[in-house]
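Next, two complexes with subunit A in common: one pairs it with subunit B, the other with subunit C.
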Partner chain A sequence: MSTSIDFLLWVRGPGFDIALFIFVVGVLIRLLEVLILGRKPDYSEPRGAELGAGLLTLVTRTAPEGGSFKRSPFTVVGGYIWHIGFLVSLFLFVPHIELIDSVLGIRWPGIASNLVDAISAVTIVTLVAMLFSRLSHPVKRFLSGPEDYLTWLVTFLPMLTGYLAYHRMIDPYPLVLGLHILSVELLMVLFPFTKLMHAFTFIIARWYNGAMAGRRGVQS
Partner chain B sequence: MSEATLERGMNAFREQMNAPVASFFSSCVNCGMCAEACLFYTETGDPKYTPIHKLEPLRRVWEQEYTLWGRLKSMLGLSEPVTNELLEEWETLIYDGCTLCGRCSMVCPVGNDISYMIRRAREGFVAAGYAPEGIKGASRRAVTIGSPMGVKFPALAAQIKHVEADTGLTIPVDVEGADYMALLSSMEIMNFPEYLEALAKIFKQAGVTWTISSEAFEATNSGIQIGSSDIARELVNRVVVAAEKLKVKYVISPECGHAYTAIRWEGPNLIGRPYEFKVVHILELLDELRSAGRLKTEGTEDDRLTFHDPCQIVRKGGVLEPPRNLLKMIATNFVDMNDSREMNWCCGGGGGVSANERAEELRLKTFKRKKTQLDELNVDTLVTACANCRLIIEEGLEEYRMEMPVVGLTEMIAEHLVEDEK
Partner chain C sequence: MADDRKKLSMTLGESLRQQGVSRRGFLKYCAATASMMALPPNMVPAVAQALEKARRPSVIWLSFQECTGCTESLTRSHSPSVENLIFDHISLDYHHTLQVASGDAAEAAREAAMHENEGKYIVVVDGSIPLANPGYSAIAGISNLQMLEETVAGAAAVVAVGSCAAFGGLPHANPNPTGAVSVGEIIKDKPVVNVSGCPPIPTVITGVLAHFLTFGSLPELDALGRPMVFFGQSIHDRCYRRPFYDKGLFAETFDDEGARKGWCLFRLGCKGPMTYNACATAKWNQGTSWPVESGHGCLGCSEPDFWDAGGFYNALSIPDSDLTRKTGYVVGAGVALGAAAGALNRSTRAKAAAKHETVTIDDLDKKS
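Take a look at the complex of A and B:
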């Protein structure tokens, strides 16, 4: 028992600090690496303004283009479900809000725990289905390398361990809670070095796409 | 051209690296949705044609040299470098298997502009010596002779004489101070001289003062297709010098997709300054004349017809409404394809693919996409506004034994002009 408490204390203390440091510094470096490259001035006469079109694409790309939805319905629907489920579990579960409040001093209302529980279950099932899709869809399987499976794993583990911890399915409780926190730390540590970075860089990518098309008079 | 080496290729890749490219590579999650937007994948079912996969060489340069983590991996020998073998293998993907149509860039959920990166990646390929012979030859002819098809001014002068004899109109050449300078594509000069005739008739009726330059009449730009900024700059510069010498207010880009991209969007950046004139696409100009009441037509086309949106004019060029406004003047039975405007499917011959003989079999296979679109509509006539699309579509229709006239929109308008009373 005492070892599991020691473990929990470590992951909540120094472990979390290390992970948070790597996450924050890593993400900042990655964003800086993108932004300092800049781009050359465009001397062509614009047909439309970049700013508005870029911002609009940032929003509109959230919905799939009609034909793409018909051709990749599973990727689209599955993608929506697990992204939303993951974000709800992360940001609307009351104990998580308490944690964020204790670190950053900001808080917002959460939702009922049993609702988060149900959403988590759906998310876990969807993530498993997404993995099967990656392994079986000819294009996804072809494109995928170790990083794709690793990022799947470190996204899946916090959901799974969170579910196990909530239902106290592993004894002792400090152990499973510690494993949950450790899995999140693993996600945070790997985040800046993998495609998980898209959670930040998609904002830049969508903006450039929309801005460059908007300059030519096309809403992309 | 200086000797192509891997080192030059790597330097060219590095020159293409910028914040958009880095943000795109950082954001890709390998979801595979771009494949479904690409006719090379949809018509072959081969995952190697997934658009983002075509960029693996450029992606490696980005990861290994422009990210801290990638540099560390390289130092530890954990990453695979860009080699001659890699470029050789990818050459067919990036040239034969992509028309730079940009459809993938419209669907990527994280917003990656993939065709923007393919265009840039080609700079590295050509600098390293990995480009198809067909496009290399076209580029060489464009630089040395002045046209990718080897058309010199005397050939154009002969066509001008024919058109003048047929119409009784004068085609102005090297007229200083005209408002507009018209460019042509070699294909229009050699295969579709009706275009020149249409310009002469329309401009006469609308009272447009225009000219052709004997020094720079060629609008196409093989440099853009092969991905060599040096060649592209040289070709654009000829037009700029001629237009500024003749002091025209506007240069008219013809019914040719990539010519418009070259002169309208890439040109000023290639020469590093804005032009002293404006560039208009012929359809934009016709639409302006229409709304000003200077373009008068009579009679209608009653066939069931559709419009093929050339990628570089519509999706990548922003000329969206003019073709439809113009068709409304004369067509009573116009229908749009299921995917149209900025989501239209490419004819399969853009981005230099039509100049690349090696790609012909693949190109005809991908034409099945256009065939499917046309089969769904059951139309009698196809109208388009790009000489290259037109030729490619005619070849595709022939291959699949489909009978359908393919008409250029400018000529179609010219055929319906109200004849002058005098």
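Take a look at the complex of A and C:
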């Protein structure tokens, strides 16, 4: 008998194992191959410290540069809203914290589920608006390739299915919960091989920019 | 036997009047039955009329690979009580657990009931049916499969009581050594109602029979063949602890402050969100309480394969495997492969550097 429970058991069992394997191994390979390659030794006399400047840049680059905000306020504000909304939904919803605890053995307090619900709704609407803007703005559209639409889709689906699951909008519930987990597994599988890797590599990039400028004694 | 047949030909109304049940008492009973079936109050006269005219249908109860928990549950039904059900509502002609001491006489009663009520009787089944080897479960020398097929052939409908009969239940759990299957996997040509649960709520078992008696038809069913009126909503949706889930207030152990305050049991493994049953509304033990009210999460016993759906005390969002150990291996594999990729890149760079030829202006002049 093939039921929605069978589907849920598969995505929670073998499906999750496969996705976790590809995600963790993929991310580690991509990070280590960059880090191990290293850079040529710099024999010049340093004019400043790398550490402080590197760490500072990690933080300062989070704030938008004034010019880009003036040029495209919608992209900047929309980008912030959905990134924060996505991270809040991912890391502060109690069922997700349970999952992270079971994988990594670390936990933290969550926030009220209906608050996560409201934030998710805003995030979903923003993601749709961002896609609309990407499609309607001639420059953004010109700059966008298939990978951009693919990464949008695999980011959007977990939010959408999560919202549907929370509100139990698809019957039976095991089906919609299974679809939610499956959509996350799709995200995990594609993550290491697409520009979604920026969630890890932004640290390396910002650090390098900051540390390099710090060594040369200039502002990054 | 002649008395029994006379009783069987009487309508329920006649039978009740004979037993001295007043009209007022009968209507009260009808109101209780209607409310249990979630019918609006204006349906009570219709229920009364139908029940009064109803003839007691013959019921044959077959028990296969089961633990008798379903029968135990049925005999604790409070509305209608099992006595009500047996004496007023139905003619329970065969129940092998209750008649076990009768031996051949019980088998004869089953066959007599089948012949006399051809096409009209209801078969209630609890327990799954082993297909791997008929010898795993047999009654009076007849294999479960054979007895089910024979008995159902002339039945009006089949009610699969309990998760074993409805979905295979515990005997069907991985690796399913007896090849256990549900009733619905064998019976394809008769209506089958699944009254799942381990055990099912007693009032739900009797409610389905009362519905058949009142309307002469089976209730509306969900995708898993369960009556919508009892299985239409999830435990989570009807749970009185739901507001705590919404507020993010969860008990973390069975005796912490949250548990004492009645907070949500999701973290302690409650499967309420994926479980469809009437526990939160019908409750157990004459409406006294139900698992979540008594402080324990829902096990999800009315859903297929609930035995294989991960630990009872793991939150629903946790995958079913030893993740901490697996994560360790996966990180190890990732580091090893990443180091290999890094080493490969370094060697490519070193080779490129070694192959690099320095060119001076003189060399270029010579070439031109």
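Simple rule for what comes next: the second predicted complex is superposed on the first by the 217 of 220 C-alpha atoms of A that agree within 3 Å, B and C clash if a C-alpha of one lies under 4 Å from a C-alpha of the other, contacts with A are read in each partner's own complex, and residues count from 1 in each chain.
We adopt the following convention: a contact is a pair of C-beta atoms (placed from the backbone, for glycine too) under 8 Å apart; a residue touches a chain by one contact, two chains touch by 3 or more.
A quick note: this is a predicted structure, and the numbers were derived from the prediction, not measured.
Undergrad: Of the partners subunit B and subunit C, which touch A:Gly110 in the superposed model: first, second, both, neither?
TA: Only subunit C; A:Gly110 stays clear of subunit B.
Undergrad: Kindly classify A:Leu143 by the partners it touches after superposition: subunit B alone (first), subunit C alone (second), both, or neither?
TA: first
Undergrad: Pick one for A:Val25: touches subunit B only (first), subunit C only (second), both, or neither.
TA: second
Undergrad: Regarding the shared-chain residue A:Ala49, is it in contact with subunit B (first), subunit C (second), both, or neither?
TA: neither
Undergrad: Regarding the shared-chain residue A:Glu33, is it in contact with subunit B (first), subunit C (second), both, or neither?
TA: In the superposition, A:Glu33 contacts both subunit B and subunit C.
Undergrad: Is A:Leu87 touching anything from subunit B or subunit C once the two structures are fitted on A? First, second, both or neither.
TA: Neither subunit B nor subunit C is touched by A:Leu87.
Undergrad: Could you say whether A:Arg12 touches subunit B, subunit C, both of them, or neither, answering first, second, both or neither?
TA: Once the two structures are laid over each other on A, A:Arg12 reaches subunit C alone.
Undergrad: Let me test your reading of the model: by the given contact rule, A:Pro174 touches which partner, first (subunit B), second (subunit C), both or neither?
TA: After superposition on chain A, A:Pro174 lies in contact with subunit C alone.
Undergrad: Share the list of subunit A residues that count as touching for subunit B in one structure and for subunit C in the other.
TA: In subunit A, positions 29-30, 33, 35-38 sit in both the subunit B and subunit C interfaces.
Undergrad: For the complex, which residues does subunit C have touching subunit A?
TA: 167-168, 182, 184-185, 222-224, 234, 236-237, 245-248, 250, 266-267, 273-274, 276, 303-306, 308-310, 314-321, 323-324, 326-327, 330-331, 333-335, 337-339, 341-346, 349
Undergrad: Along subunit A, where are the residues that touch subunit B in the complex?
TA: The touching residues are 29-30, 33-40, 42-45, 47-48, 57-58, 61-62, 64-65, 67-68, 71-72, 75-76, 79, 137-144, 148, 192-193, 195, 197-198, 201-202, 204-210, 212-213, 216-220.
Undergrad: Help me check something: in the complex, which residues belonging to subunit B touch subunit A?
TA: Residues 17-24, 26-33, 35-37, 41-42, 45, 47-48, 50, 52-53, 66-69, 105-113, 116, 264-269, 272-275, 278-279, 314-320, 339, 342-343.
Undergrad: Spell out the residues on subunit A that touch subunit C in their complex, using ranges where they run on.
TA: 1, 3-6, 8-9, 12-13, 16-17, 20-21, 24-33, 35-38, 94-96, 98-99, 102-105, 110-115, 168, 171-174, 177
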